[in-house]
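In the part that follows, the structures are each spelled out as C-alpha cells.
Below, chain A partners chain B and then partners chain C, in two separate complexes.
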Partner chain A sequence: MLGQVTVEALTKTYLTRQRQGLFKSTEKAVPALRGVSLEIRPGELFGLLGPNGAGKTTLIKCLTTLLLPTGGRAWINGHELTQADNAIRATTGCMLMGERGLYWKLTARENLVFFGALYHLDPAARRRRADELIEQLGLGEIADRAVESYSSGQRMKLAFAKALINDAPLLILDEPTNTLDVPSARELRAVVRDLNQQGKTVIYTTHIMAEAETLCDRVAIVDHGEVLALGTVPELKASLRREAVVKVEGVISTKATHAVEQLPGVSNVATTLNGHTTLTVVSQETHAALLPRLIETLTAHQAVIQKIAPEEPTLEDVFIARTGRTLADDTRVK
Partner chain B sequence: MTSQTLPQRLLTGPAAFLSTLAAMAQKEIMIMLRYPVEFVASFGQVFLIVVVLTLAGLMFSPEGVGGGGSTETTGLVVYGFILFMFLSDTLWTIGYNVHRDQKQGTLEVLYLSPASKFANLVSRIVVTLVWTGLMCVMAAFVMSGMLGALPLHNLALGLFVLVMALSGTFGVGFAFAALTLRLKETAQTVANLFQFAFMVVCAPFFPFAALPEFMQWVARAIPLAYGVDAFRSTLMGFPAGFPELAPIEMELAVVTVFGLVMPILGYWLYRREEDVARRKGTLSEY
Partner chain C sequence: MTTTLPGRPTLSQNLSAALAEAQLRFTNISRYPGQLLTNIVIPIVFAAMPILLGRATGGASAEANFAANTGSGNFVGYLLIGSCVFQFVSSTFFLVANWLRFEQETGTLEAVYLTPTSSATLLGGVVLYSTVRSLLPALIAYVVGCLVFGLNPLDGNLALALVFIAAGLIPLAGMSMLFGAVVLRVKEANALLNLMQWVVSFLMGIFFPVAVMPPLLQFVAWLFPPTWMTNGVRSALLGVGYFFGAWYLDLAVLWVFMFLAPLLGWWVFRRTEQGIQRNEGVGQF
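Presenting the complex of A and B:
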C-alpha cells in the first residue's frame, strides 16, 4: 500500500533572473530539490530538518500544490500530485508562511469561519469548528479583535488554527513555532503531539534540533535539496555509534582546525565560535585512538584546550556528520 | 485510506462555485465595512461624478442651462455614464483585488484551499457590481430629475447589450488580473493608462462624432466601443445618426461574440499565468 505521502525523485529547479546592469539579465537555474524520495506512513509524525535554504519549504509547497515540481511524482492521501490537486487540497491542512496568510482586517473568528467556507464546511459546521479551535488554542480573549492588533505569536497561533479548520488527516506545518516564545512553542508542540495521537499524520518542518529530536517519530535530514539521512532519532544516532564524537573547547586557531581535519579517520569537523572555539570532531576511529592524536595535534599547533570530552552522539552530531556543518547557535535555544 | 473515513467535503460544479462566491463576497463586505471612511467616501465620489455629469449634460442641451434640454443628449450622457461605471469597475477591480491578495500573502492561502478558482476570481467584483448597480439607478433618477425624463426604448435589447458588454468586460478583467500576476505593481500603472484611453476612445461621455476621424477608426477596432454605442443607441430608440460606428445588427454581433469569447479567453490566460507563477514560485511575491 502507498504511504500517506509518497514522494518519488521529486525535483524542483527555479529559474531566476540575474540582473546585470540596467537592461541585461540572464536566466539562472537554482536547483532547490534534487531528487527527493520519501515515504511517510499513516499516523506518523514526520520531521524535515535542515538549515536555511535546504529546500524544506520548496518540498512542502510542491506537496501542497502551490508549486509545480520540475520532475518526479508524488501521491498525497492516495491522490496523485498534479492529477487530483483539489482532492489533495481538501484532505490536507497546511500552515505555510505563518502570519502572512491571514486577513488582518478580520477577527480570528471571522478568519476561521471564512476559511471553513472555502473548505466547503456548511455554515453551522464552520462556526462550530471555529469555536472549537479558539477554545483548543486558547485564543478566546482575542478571538473577536482584528488580527492586525495581535502580537506575531498570536497570529502564528491563528495560522495554526487555520490549518486545522478542515480537520484533515494530513497536517503540513512549515516551521510553526517560528516567532513563538518558549512556553507558546511548547504548547503548540503539545497540541501537535495530541493531534498525532488522535491519528493525524503530520509533516513538521524545522531547523531546531531539539524540536525534531523530541517531537518526531522519524526525521529526514535535508540539505541542498537532498535527503541526507532518514530514520527514527535512535536509528540516526545508532548510525553514528561506530564513529567517535569528541567535543573540544578552547582557543583554537584555524590552522589547528585544519590539522585536525587532516587526521586519519576524521570525517568531519564543525566549528562554533562564541567567545572561544568549540570543535566537534567526528571520526571513524574509536575514542581511544582519536583522543591522544587529537590532543597531540592541537597542542602542536599552540591551541589552548579548556575542555575535551568524548560524547554520546546527538542528533546534531548526526547532522554535522551528514552535512559537515552545525546549525547556527541562535537557532538551537528554544 | 484514512482520507475517506474523515469528514472532508469536496463540492464540485455549481455548488462549489456558489459556496465560494458567497463566502468571498461576505468577506469582502466585512473588510469594506472595516474602512468606514473609505466606504462613505466612495459613496460621495460617485455622487459628485453624477453632479458633474449632470451639469455637463445641461451644457450639452441645445436650449442651454435651465431649458428642457434635448432628451437625446441627456440619454447619451446618462447611459454612457451608467455603462462606464459598470465597465471601469469590472475592468480593474479584479486585478486590483488579486494584487492586494498577492501583497498580503493570502493569494497562496486561497490557492491552497479546494475552493472554486473561478468563483474566487469572479467574487472579487460581485460586491462592487451590486454597489455600482444601486448607484446607477440612483444616478439615473437624479439626472432625469434634473434634465427631464429619459428616453427609454427597447429595454430588453438594452439589457442584453449590457449583459454581453459586462460579460466581455469580465473577460478583459480576468486578462488584466493575469497581467497583474506577471507585472505585479507595474500592472496598476498600465491600468491607469488604459483607463484614460478607455474614457477617450470608447466615448462613454460624448458621441463618437466628437472624436477626430482617426480616433473613430481606433474605436472601431475595440469591441467595447460597439458595446457603448449599441447600449445607448438602443435605449434612446435609434435616433437619426445612431448607432454611429456600424449598423446595429453588426454591433450586436460584435458585442455578443465579445461577451461569449472574452471571458473564456481571459480565464484561460489567468490560469496560465497562475501556472507560470507556480513554476516560478511567485504567487506570494509582490
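Presenting the complex of A and C:
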C-alpha cells in the first residue's frame, strides 16, 4: 500500500540572482533538495530533523504544492503531486511560517472563520470549528482581540489552530515550537501527540534534537537537501551502538583537539565553543578503551579537563557521526 | 453513499469563499477608519485645484473657451467628474497589486495559497470588495463636490453614467491583474504605483479632453478602457459628446475591452503565478 506520503527522488533547485554591482547580476543555482525519498505511513508521527538550511521548509513547501519540485515525484494522501494539487491542499493542514500568515488587524476568531471559508466549510461549520479550536488551545480569553495585541507565543498557538481548521488527516508542522517558551512548547507537543493518537498523520519539522527524540515515531535526519539517516529513534541510536561517544569539557587547545583526532579508532571530533571548549569524540572502540587514551592525550597537550563523561548516544550524535558537525552549525548554501 | 472529490469545490463553496475574502477586506479596512474619509476628500480637493485655476485664469470667457474644446461649458462639472472617476479608476486599477503586496508583506499570501481556494476565487472577492469600496466614496465625493461648487448632482443621465462605470469596471479589473502579475514577480509596488498613477490619470484625460493630446498619445489613450469610461460618464452627465457619436457605440467598445482585458489579465497572472511556483514560491517578499 502507498504511504500517507510517498516521496521519490524529489529535487528542488532555486535560481537566484547574484548581484555583482549596480547593473550586473548572474544567475546562481541553489540546490535545496538533492533527491529526497521517504515513505510516511498512515498514523505516523514523523520527524524531519536537520540544521538551518537543511532543506526542511523547502521539502514541506513542495509537499504542500507551494513550490513545484525540479524533479522527482510525490504522492500525498493518495493524490499525486502536480496532478491533484487542490485535493492535496484540501486534505492537508499546514503550519508553515509561524506567526506570519495571520491577519493581525483581525481577531483570532475572525482569522479562523476566514480560513474555514477558504477550506470550504459551510458558515455554521466554520464558526463551530473556530469555537472548538479556541477552546481546545485555551485561546478563549484573547479570541476576540486583534492578533496584533497578542504575545508571540499566543500568535504561534493561533497559527497552530489555523493548521487544524480543516481537520485534515495529514498535519504538517514546520518548527511549530519556535519562539515558544518551554512550558508552552511542551503543551503544544502534547496536543500534537493527542492529535496523532486520534489518528492524524503528522510531519514534524525541527532542528532541536530532543524534540524529535521525545516526540517522533520515526525520524529522517536531513542535511544539505539529503536524507542522511531514517528510522525509529532506537534504530538510529543502535546504528551507533558500536561506537563510543565521550564528551569532554574544559580548556582545550586546537593542538590537543588535533591530537585526539589522530587517536586510533576515533572517527569524528566535533567542537563547540561557549566560554570553554566541548569536544564530542566518536570512536569505533569501546568506552573502556577510549577513555584512558583520551585523558592521556589531552593532559599531554596541557588541556584542562573540567568534565569528562561517556555518553548514551543521542540523535545529535547520529548527526555528528554522519556529518562531523553539530546541529547548531549553519549549513545554508552561501 | 455520495463521495465528493476533496478540493473540487462547488459553485456555492466558491462564492462563499469569495464573499469571505470580500468580508475580510471590509473588516480589515474598517480598522483603519481614516482611509474612507480620505478617499472622499481627496477627489474634491484634487478637482478644486484646476477649478480654481480655471476661475482665476479663464475670466469671463472661461466657459465659452472650455465649451469650444470639450463640447460643454460646465468646466467645474467636467473636472469634478474627471477627478471622481479617476479616484475610482485608480483604486480599481491598483487593487490586485495592492492586495498582493499587502498579503506578501504579512505572509498571508502563502497562507491563502495553502488552501484549496483558487486565486481566481480570491480575486473575485477582492474585486467585489474594491468595487464597493471605491465606488461609494467616489459617488459621495461627486455629490459633495457638486454641492460645494454649486452644481446640481442630479443633472444629466445618471443611470447611463453608471452603466459606463459598470462596463468600464470589468476591463479595469483585467488590467489590474496584469499589474498584479508584475508585483507578484518583482515584489515591489510603491515605485511602480507612483509612476502608473500619473500615466493613468494622464491617459484617461482626468482634467482635459483627449482631443487636445498629440496624435500618438491620443491613439494610446483610445486603447485604454478608462478613457472611454471617463468620456462616457462626462457625455451622460454633461453632454460633451461620445467618441463615436452615440452612447451605444462607445459602450460597445467598452464591451470589447470587457472580454479581452480580463482574458489577457488572467492569462498573464496565471503564467506569472506558475513561474513563481516553479522557482521561489509566493512566500518571498
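Criterion: the second predicted complex is superposed on the first by the 327 of 334 C-alpha atoms of A that agree within 3 Å, B and C clash if a C-alpha of one lies under 4 Å from a C-alpha of the other, contacts with A are read in each partner's own complex, and residues count from 1 in each chain.
Simple rule for what comes next: a contact is a pair of C-beta atoms (placed from the backbone, for glycine too) under 8 Å apart; a residue touches a chain by one contact, two chains touch by 3 or more.
Bear in mind that the values here come from a model prediction, so they are computed numbers and not experimental data.
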Combined model on chain A: chain C and chain B, fit or clash: clash
Chain B versus chain C as contact partner of A:Gly199, first or second or both or neither: first
Partner chain(s) touched by A:Ala29 [first = chain B, second = chain C, both, neither]: neither
First, second, both or neither for A:Val182, with chain B first and chain C second: neither
Partner chain(s) touched by A:Leu118 [first = chain B, second = chain C, both, neither]: both
Which superposed partner A:Ala238 touches (first chain B, second chain C, both, neither): neither
Chain B versus chain C as contact partner of A:Ala300, first or second or both or neither: neither
Contacts of A:Ala190 with chain B and chain C, given as first, second, both or neither: neither
Which superposed partner A:Leu96 touches (first chain B, second chain C, both, neither): both
Touching partner for A:Ala84 - first (chain B), second (chain C), both, neither: second
Intersection of the chain A residues that touch chain B with those that touch chain C: 14-15, 61, 64, 66-68, 86-87, 89-91, 94, 96-97, 100-106, 110, 114-115, 117-120, 146, 162
Interface residues, chain C side, partner chain A - complex: 5-9, 13, 16-17, 19-21, 23-24, 27-28, 31-32, 106-108, 110-118, 274, 277-283
Contacting residues of chain A [partner chain C, same complex]: 14-16, 61, 64, 66-68, 84-92, 94, 96-97, 100-106, 110, 113-115, 117-120, 122-123, 146, 162
Chain B-touching residues of chain A, taken from the complex the two chains share: 4, 14-15, 42, 58, 61, 64-68, 77-78, 86-87, 89-91, 94, 96-97, 100-106, 110, 114-115, 117-121, 146, 162, 166-170, 199, 201
Chain A contact footprint on chain B (complex, rising order): 1-3, 6-11, 16, 19-20, 22-23, 26-27, 30-31, 34-35, 104-106, 108-115, 275, 278-281, 283-284
